[in-house]
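The same subunit A turns up in both complexes below, where it pairs with subunit B and then with subunit C.
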Partner chain A sequence: MNKFWERLLTIDRRAIFVVIFLALSVPIFLQIGLPIPVTREVQILYDALEDLPRGAKILVSCDYDPGSEPELQPMAEAAFKYFVANDLRFIIIGLWPQGPIQGNRAIEDINESDDELIVENGDTLYFGADLVVVGEDTARYGIDFINLGFQVGQELVIQRMGTSFEATFPSDRRFGRPQKEFPIMEGIYRLADFDFVLNLSAGYPGTVEWVQFAVDRFHVPVGAGNTAVQAPLAYPYLDTGQLTGILGGMKGGAEFERLVGHRARATMSMTSQTMAHIFVMLFIVVGNIAFFVTRGKSERRDLRK
Partner chain B sequence: MSSEFGVWLAAFFTIGIASFLYKDNPLYKFCESVFVGISAGYWAVALFWENLIAKMFDSLGISYFFGLWPEKGALQDIFSGVWNWNLLHILAGILGIMMLLRLFPKIGWIARWPLSVIVGSTAGLWMITYFQSNFLSQLQKTVVPLFDIGRINELSEIGAAMSEQGRAIPFDAYFAAYLGNLILIFGTLTGLVYFYFSKEHKGVFGKTAKVGIYFLMITFGASFGYTVMSRMSLLIGRLYFLFSTWLGFVN
Partner chain C sequence: MRREIPLILTAIVGITFFIQFFVPHSPMRELSETFSDWYSIISAFAIWLGGLNLMKISFEKVYKKDKDWFFAVTTIVSFFLILIVGLFFSGGRQYLEQGSGYDWLYRNIYSPLSATMFALLAFFVASASYRAFRARNAQATVLLLAAFIVMAGRTPFGDWITIYLPEGWRLSNLSNVIMNYFNVAGQRAIMIGISLGIVSTSLRIILGIERSHLGGE
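== the complex of A and B ==
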């Protein structure tokens, strides 16, 4: 019996990789849906968005790069879809250089129109960039949403937005035109003029900095979508009320997708995620049993020596 | 199967990096080197255009002077008799040049000056911020009654309404209301005792510290669980890319 456990402890690590690969891959092909209960922290964020009046302005800070796309991109897509469907205006910025590019990709992906472009009053408008169609709703660049791009300076960017938003983000990303030319920017002079901030963050600068500067200094409500690695760092800010909800990793994204009625990538991935977790837990339990069963034997062997 | 060159390239690098799981190999080394090189290059270009050009040359009006930017800057404003705070960017530029002087050993000591400015200003900025956000706010929310009376009352009202509909409040809601605050206070105190090193961890004090260790271990366990979830999510993302975007097996 002991030999079995000893052999388990010396198993080739590549065998474990194969098991994890299968645990993740097979559910992708089977496409089995699992029930996704909504946790309190996700519900708080959703409720905060629900409470916003039509036409409210939301600052979306995409502080991540393609490396965190599987976790944060589904959140961005679900959020943008919700904003368009509920007539909420959103302004995309990024404290990470690739963040606003990810924001643009999310807009492109949620667009449901099959047309490529339309010509309106002599202007060519591209779907997925200038116009976004979600169900029966349409959002237009510069009026309903805008991308102001990346700004270098980490947390100091947030600090500067607190006093002058225009000085921090003088022009838009798509056309390079002064931001004041766009109707969506009307009435936005500083950070406190926003009704809500949604921060999608994969590290530094990210949620911690948004809490410390935007929430505690300028008293703007901030909700966060985090990678799972970063989520434990953000949780202490939830109970204190400094954060208005957290979407923690892919699971948080799946819950949010459920609430906004946009069951997409995060929801689809939850079966793979669950299978992998079951196997990881199994490996931990079996590994510990094997360790404790064989430890006695090796200790006796050491004593004999 | 995708016909886009970019998708094939991404698939090649994904498989190349994943090949390390089998063993270290030249393909992995190649992919890793390309990734590191591109990342460094991307950051250099991004910081050059977003920081040096935008914050220094554009805001001061140097780009305008050479006809490379349509808007006037601080220098043009000053010569027109209008004060522009962006003129202070000259100071930042001088500090930046001083920082680069560490490349020359004989005058490298000059780099300590801008370093001092960075250390001083960062310390000043973070001291207040951390004190407010991570100390005062957290401390304030730790001083709570032993039982969450408000939440218990709220649950009893919700529970009465729900039982009429034949539903019940989940057990964890009651657990959090009755024991949540107690665990919070107990965990905080025992955790603090563990980090008190001026007294030897013996007797009751030692046992309390040991309970503190258990609380810390639960925290680390939760953090590890989240890390596992995060890494699995990234792997799922890559698998979806391979099976869906590249090979087209899954919609």
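== the complex of A and C ==
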């Protein structure tokens, strides 16, 4: 019997990799729907968005790269869909170079129109870039949303926005035109002019910096979407009221998708994540049983030596 | 002078930001705005410097045929491929738009490779959990139990196996208790410790006591 456990303890790690691969990939094809209860921190963020009046302006800071896409991109897509459906205007920026590109991709991916372009008043408008269609609602670039791109400078960018938004982001990402030319930027002079900030963050600079500068310094409500690894760092700011809600990892994304009525990638991936967690827990249990069963034997062997 | 000028600049900028936090009025406000802009400009140059430095090291590695020089070739080819496609074959300013050459490279090469690197973590975590996560002593057992509860509670599986327990005792609730109380207490202690360290180090740098960042000492 001991031999069995000893063999199990020295199992080839590639066997573990195969099990995890199957645990992650098979559920994707099975499409099992799991119940996803909503946690308090996600509900807080959703309630804050619900309380915003129509036409409110939201700054979305995409501070992540494709490495964190599985966790954060579903949050961006769900949030943008919600903004379009509820007539909330959103301005995308990034403290990470790849962030605004991820924002663009989220907008393109939520677009439900099959058309490629329309010509309106002599202008060619591309669906997914100039125009976004979500159900019966439409959002237009420069009026309902805009992408102002990346700005280098980490947390000092947030501090600079506190005194002058235009000095920090002088032009838009798509056309390179001065941001003041776009109707959406009307009335936005500094960070405090935004009704809400949604920060989707995978590290530094990210949620901690937004709390330290935007919340504590300029008193702007900030809600955060974080990777599961980063979320524990953001929790201390929740009960103090410095953060208006946290979407933690894929589960937070799935809960948010449930609340906004847009069950998509995060919800679908929850089965994979659940299976992976179950197998990791099984590995821990089996590994510990094997360790304790064989420990007596190895201790005796050590004593003999 | 090579040491004195950076020390004086650091002191001026540091003291300006410090005062401006408590007195956000003229002239401290304008000064801090100017310094913030300078910081952005210097950071932008640092990106270029980083890129050039990476190329210098990679070219040297290839030239000297150092160990794993082939990876340096990959770095150089990737660097120039994305730079040239982005600058000259992606519609100018609109290089980030859907359908451009740069966008194609980002979506089909950079994005999957980057996600793959991060996804490998799942496999290594699974392997490590099997080999290293042992209840060897009381502290390790507590850590193990907490990890177990959070892992199970963060998925619907946790509630499924504890459905017959009162709501407060279900794994999702226990997971929330760990995250909202034990985790927060620990994180706050760490954050306060780190902050005190940052304050003291910053003061030493601003006052010119700490000079190791300038080299030497």
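General remarks:
Quick note on the criterion: the second predicted complex is superposed on the first by the 305 of 305 C-alpha atoms of A that agree within 3 Å, B and C clash if a C-alpha of one lies under 4 Å from a C-alpha of the other, contacts with A are read in each partner's own complex, and residues count from 1 in each chain.
In the analysis below, contacts are C-beta pairs under 8 Å (C-beta built on N, C-alpha and C of every residue); 3 or more make two chains touch, one makes a residue touch a chain.
In this text, all values refer to a predicted model and were calculated from it rather than measured experimentally.
When both complexes are superposed on subunit A, subunit B and subunit C occupy overlapping space and clash.
With both structures placed on the common chain, the touch criterion links A:D216 to subunit B but leaves subunit C unconnected. After overlaying the two complexes on the shared chain, residue contacts for A:G261 are found with neither subunit B nor subunit C.
Looking at the shared chain after the overlay, A:L24 reaches both subunit B and subunit C. When the two complexes are overlaid on their common chain A, residue A:E69 makes contact with subunit B and with subunit C alike. Once the two complexes are laid over each other on the shared chain, residue contacts for A:D239 go to subunit B and to subunit C alike. When the two complexes are overlaid, the chain among subunit B and subunit C that reaches more residues of subunit A is C.
Once chain A of one complex is fitted onto chain A of the other, the partner contacts of A:V152 extend to both subunit B and subunit C. Of the two partner chains placed around the shared chain by superposition, subunit B is the only one that A:S269 touches, whereas subunit C remains out of contact.
Of the two partner chains, subunit C is the only one touched by A:S164; subunit B is not.
Subunit A uses residues 17, 20, 24, 67-70, 151-152, 156, 159, 217, 228, 232, 236, 239, 249, 251, 273, 276-277, 280 to touch subunit B in one structure and subunit C in the other. For subunit A in complex with subunit B, the residues that touch the partner chain are 14, 17, 20, 24-25, 28-29, 31, 67-71, 97, 150-152, 155-156, 159, 211-213, 215-217, 227-229, 231-232, 236-237, 239-242, 248-251, 265, 269, 272-273, 276-277, 280.
By the touch criterion given at the top, residues 21, 29, 32-33, 36-37, 39-40, 43-44, 47, 93-94, 96-98, 106-107, 110-112, 114-115, 117-119, 122-123, 125-127, 129-131, 133-135, 144, 147-148, 151-152, 154-157, 159, 172, 176, 179-180, 183-184, 187-188, 191 of subunit C touch subunit A in their complex. Every residue of subunit B that touches subunit A in the complex is listed here, in rising order: 21-22, 42-43, 46-47, 50-51, 54-55, 125, 129-130, 132-134, 137-138, 140-141, 219, 222-223, 226-230, 232-240, 243, 249-250.
In the complex of the two chains, the subunit A residues touching subunit C come out as 11, 13, 16-17, 19-21, 24, 34-37, 39-40, 65-70, 100-101, 104-105, 108, 126, 128-129, 151-154, 156-157, 159-160, 163-164, 167, 173-176, 217, 228, 232-233, 235-236, 238-239, 249, 251, 270, 273-274, 276-281, 283-284, 286-288, 291.
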